[in-house]
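The same subunit A turns up in both complexes below, where it pairs with subunit B and then with subunit C.
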Partner chain A sequence: MHGKESDTRPVDVKKIRELLDANNGARIRTWLSLCSRCGLCAESCFFYLAHDRNPKLSPAYKFKATLGELYRRKGRVDREFLYRCADIVWGECTTCKRCSMYCPFGIDVATLIATTRTILYSQGITPEGLARAVVNYRETGNQMGMSSEDFVDTCEWMAEESQDEIKGVTIPIDKAGAKYMYTVNPREPMFYPQDLAMAAKILTVAEEDWTMPSTGWDCTNLPMFAGDRALAGQVVRNMYEKAVALGVQAILITECGHAYRSALFEGPYLAGYPDGKPPVPIVHSVQLFYEYLRDGRIRIDPAKKLKEPVTYQDPCNVSRNGGLWEEGRKLVQFLAEDFRDMNPNREHNHCCGGGGGYIPMGPEYKARRMASGRVKAEQIRATGAKIVIAPCHNCFDQLSDLNKEYQLGVKVMSLKEILCEIMIVPEKFQPQEAEREESD
Partner chain B sequence: MYQKILFCADLYASSDYAFAAALDLAERSGAELIILHVLESRHRYSGHVITEDGETWAGPEVFEKLKKKLREYYLIRIEREDPQNVRVEVRAGIPWVEICRFARKEKVDLIVMGPYTIHDPKAPLDLEKPHLGQNAQEVSLRAPCQVSIVTSPKQRLALEKAGEFPREKKRKRTQE
Partner chain C sequence: MQAWYAFLTGPALWVTFTIFLGGLGIRLAFLYGLSRERDRVFYNHMDWKWGLKSIFHWLIPWGSASMRLQPVFSFVFIVFHVGVLAVPLFLSAHNILWDRAFGVSLWSMSDAWADGLTMAVLACGVFLFVRRLVRPEVRILTTAWDYTLLGLTLAPFVTGFLAYHQWGPYEWLMVLHVLSAEILLILIPFTKLGHMVLFFFTRAFIGFEMGGRRGARAW
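Right, the complex of A and B next:
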């Protein structure tokens, strides 16, 4: 890990003890003592499968060797040990929670790994990519360090561009009382502003009542993966409080997996909401787009339906942990003529290898990300699909990298991209010829 | 005529003619000339950028070093000893996105750029296959102002030789 060699800081054992004590409730004590080393978790882990069933990559080993050891030694460890832990909890686990489904005792390994990350973070240890993102969140409220002014201007820019294709497109900023407050991954305004335009087009054609907030618009939560629980709580609180202040009915999450995890079920605890529930309902794009198609608010041009074989990537935090695996499949049925599921699929689908903070951890981890992604690459290749739909930014980027690495010959696409290509634009939203010529 | 002219710099000879044109227009119009270089994000998911020293995280030191290099490379081409109305700016991200964003924010009147960026400076220039790069294409389609894409005479000659844009086709397009 970056900075390991030059790190001579003393270990703050007192702080580690504090965190160990704070987490030493019935749940974690039970999980740590209950594991019988049955090995069922090992076969469920893509790291283990991708590396010739190396026993050190079994989830049970990973939490025993890290948090288990920290408890056993009562926090009296050295820096070398902490860096070994860091290598495991960030380099060998994406906290995808697949192993918990296969554990006969339901041990939530992801929580144990996340607790270890928090302890390491307290000692100044975290991958550089996440550490840099944390600084950006702290300074600007979003992971890319984008100013509110730039964000709003990018929204205006994209709305203007979209009007050439869809009449009346706007991106309403801070509209009080709207049904949905749409929140995005900062990669969209930063690197793919067209994503904002695509969302605006779909929401316009569906005649949705929506708004984009000028603050609290970043639904991602990398501090949650970096181990900075306090900041992770603040990040999600910013979004919740903005939604409450605007009086919206629900928060709409872009095609991002971990944002859904953060907003829907981890965020309320991180933000200190005693009932563990977000203050307004959380809706993921997969759910909303499916409802649009089901209810006929968006209709697909039959002639444009995807003809090439298509497969669907279940993002761990949308499908397994978010419960939307059937909605995803029903949605794809509207879009594609030849759908081919991966095996295993739905809540059993393997993580792509880009989750849990792995993608933003940056190039330092890319070789490992590609090696462990072999399981996903093989899953995709076996479907014979030419298009992979990935309703999650991290999955999208990981699959794009795997596509090159393993020469899969597929096209990775988001739902928005496909919907904008093949949806029917009702006449009232089609720009007049004169307007088109004028804009030409 | 023009108040603000934005020149998109890539520090390669392929855009030197574009810089000469931008400078000429700025001097004749009494406009401010902004030299903007965008450090391209290597991965679309992190702040890592490509620099001449390899991949690194974008930060103040990287920006300052690049600004110094831009000043050395471009300001020496300005005949006036102490050019007053010239500004050097650096951003990180996707070049066409940042160029359009900057142009909107600064309300520039004209963007001047070369036809494409050389990603590998060690690779020989392939003048037989001149083309318009993605950034030039996107900027010309999406910019909020006029865009001038300036090629070198050599490239124009190569275009004619390659016959990729026959005069006839070009004329037809102009008539349309």
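Right, the complex of A and C next:
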């Protein structure tokens, strides 16, 4: 890991012990003492499968060698050990939770790995890419350090641009009482503003009552993956509190996997809500887009329906950890004529290798990311699909990289992109020019 | 020898049952207290339907994707567990002892069945032992303690089997039989063998967490 050689700071054993004690609840105690070392989890892990069944990549080995060892030594470890742990918990696990379904005791290995990340973070150890994002969240409330003004300007600019294609597109900012507060991944306003435009077009055509918040608009939660639990709680609280202040009915999450996991499942605990429930309902784009098509609020032009073979990437945090695998499939049925499922699929899907913070961990980890992504690349190749739909930004980036690395010859697309290409734009939303052309 | 046997089946047996049941009770009570304070997530999303389904699919043969992925190991693993529980509980010789002591007993299986199941348990035990040695992903996790516990689990079966067939010094074998079984029972609450009760709790939790909250089958 970057900076390892120059890191001569002493290990704060007291702090480690505090964290070990604080986390030593009934679940972690039971999991660590109950693991019978049967090895059944190994086959479930794509890191293990992608590296010729290297036994050191089995989930049980990974938690035993890290958190198990920290408890065994009561926190009395040296920096070299901590860096070895860091290599495992960030470099060899994406906390995809697949192994917990393959363990006879249902040991939640992802929680054990996340706890280890928290301990490492307390010792100043975290991958550089995540550390940079953490600073941005702390200073600006979003992972890319974008100012509120820039964000609002980008929204306005995108709304204006979109009016050429769809009449009356607006991106309402801070509209109180809207049905949905739409939250995004900062890479959208920063690098792919057309993503905002596409969302605005779809929501406009569906005649949705929605708004974008001027603060708390970043639904991602990289501190959750970096091991900074306090900040992870603050990040999600910013979003919850904004939604409550605006009086919206629900928070709508962009096509991002971990944002959904954060907002709906882990966020309430990180933010300290004792009942484990977010203060407003959380809706993922996959769910909403499916409802639009099901209810006819968005209609697909039959002539434009995708003809090429299509497969669907189940993002871990949308499918297995989000429960939306059937919605995703039903949605694709509306969009594509030739759908081919990967194997395994649905809640048993393999992580693409870009989750759990891996993509933002940056170039330092890219070679490993490509190597462990082999399982996903082979899955995709076996479907013969030409288009891979990925309703998650991290999956999207990882699959795009895998596409090049393994020469898969596919096109990776988001749902928004496909919807905007093939949906029917009702007459009332067609701009004047188009109307004139038609009447000619 | 008679005195040893009398001690092991008298006072030592009471101590064993007390530690076994008391130990499990205390471990459960301790974990319950701790979970009330630190594992809110367990109670917040309780869902009996998903909890029971999660347990059930791991109790029935090849009921989970994981078991189906390794069918041979799963077969051995199932036979081993059935034998380890059924032989001591339903052996007629054990039930006669219960009947003499308390006037109550469980249903008894025939000696031929018990003999067959014992051999099956021993064969499975050897398989599990060898598997720990030869499968890299299991060997890397295995500690000396895993072999010890496996050996201790098999010891009452080996000694009981030999004594039943009167192969070897009978009285010695009976002393070793009772002694090894008592050591095993005493260890259960304090080791990974506690899974005989904790299994139901950890499986229920992952059922709540994956199924109750997300609709995902954790099997």
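In this section, the second predicted complex is superposed on the first by the 433 of 440 C-alpha atoms of A that agree within 3 Å, B and C clash if a C-alpha of one lies under 4 Å from a C-alpha of the other, contacts with A are read in each partner's own complex, and residues count from 1 in each chain.
Assume a contact is a pair of C-beta atoms (placed from the backbone, for glycine too) under 8 Å apart; a residue touches a chain by one contact, two chains touch by 3 or more.
Quick caveat: nothing in here was measured; it's all calculated off a predicted structure.
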State whether subunit B and subunit C clash or fit side by side on subunit A once the two structures are superposed.
-> fit
Which partner does A:129 contact after superposing on A: first (subunit B), second (subunit C), both, neither?
-> first
Touching A:188 in the superposition: subunit B (first), subunit C (second), both, neither?
-> neither
Between subunit B (first) and subunit C (second), which, if any, makes contact with A:154: first, second, both or neither?
-> first
Taking the superposition as given, does A:218 touch the first partner, subunit B, the second, subunit C, both, or neither?
-> neither
If you count the residues of subunit A that each partner touches, which comes out higher, subunit B or subunit C?
-> C
Look at A:208 in the shared chain and tell me whether it touches subunit B only, subunit C only, both, or neither; answer first, second, both or neither.
-> neither
Distance floor for C-alpha atoms, subunit B against subunit C, superposed on A, in Å, equals 28
Residue ranges of subunit B in contact with subunit A within the complex | 41-48, 55, 57, 93-94, 97, 100-101, 104-105, 142, 144
Residues on subunit C engaged by subunit A in the complex (per definition of touch) | 31-32, 34-35, 37-42, 44-45, 54, 58, 64-66, 69-70, 73, 77, 135-143, 146, 191-192, 194-195, 198-199, 201-203, 205-207, 209-210, 213-219
Within the complex, subunit B is touched by subunit A residues 128-129, 132, 144-145, 150, 153-154, 157, 161, 187, 190-193, 359-360, 362-363, 393-394, 397
Given the complex, residues on subunit A that touch subunit C span 24-27, 29-31, 33-40, 42-44, 48, 53, 55-56, 58, 60-61, 64, 97, 100-108, 265, 269, 274-277, 320-323, 347-348
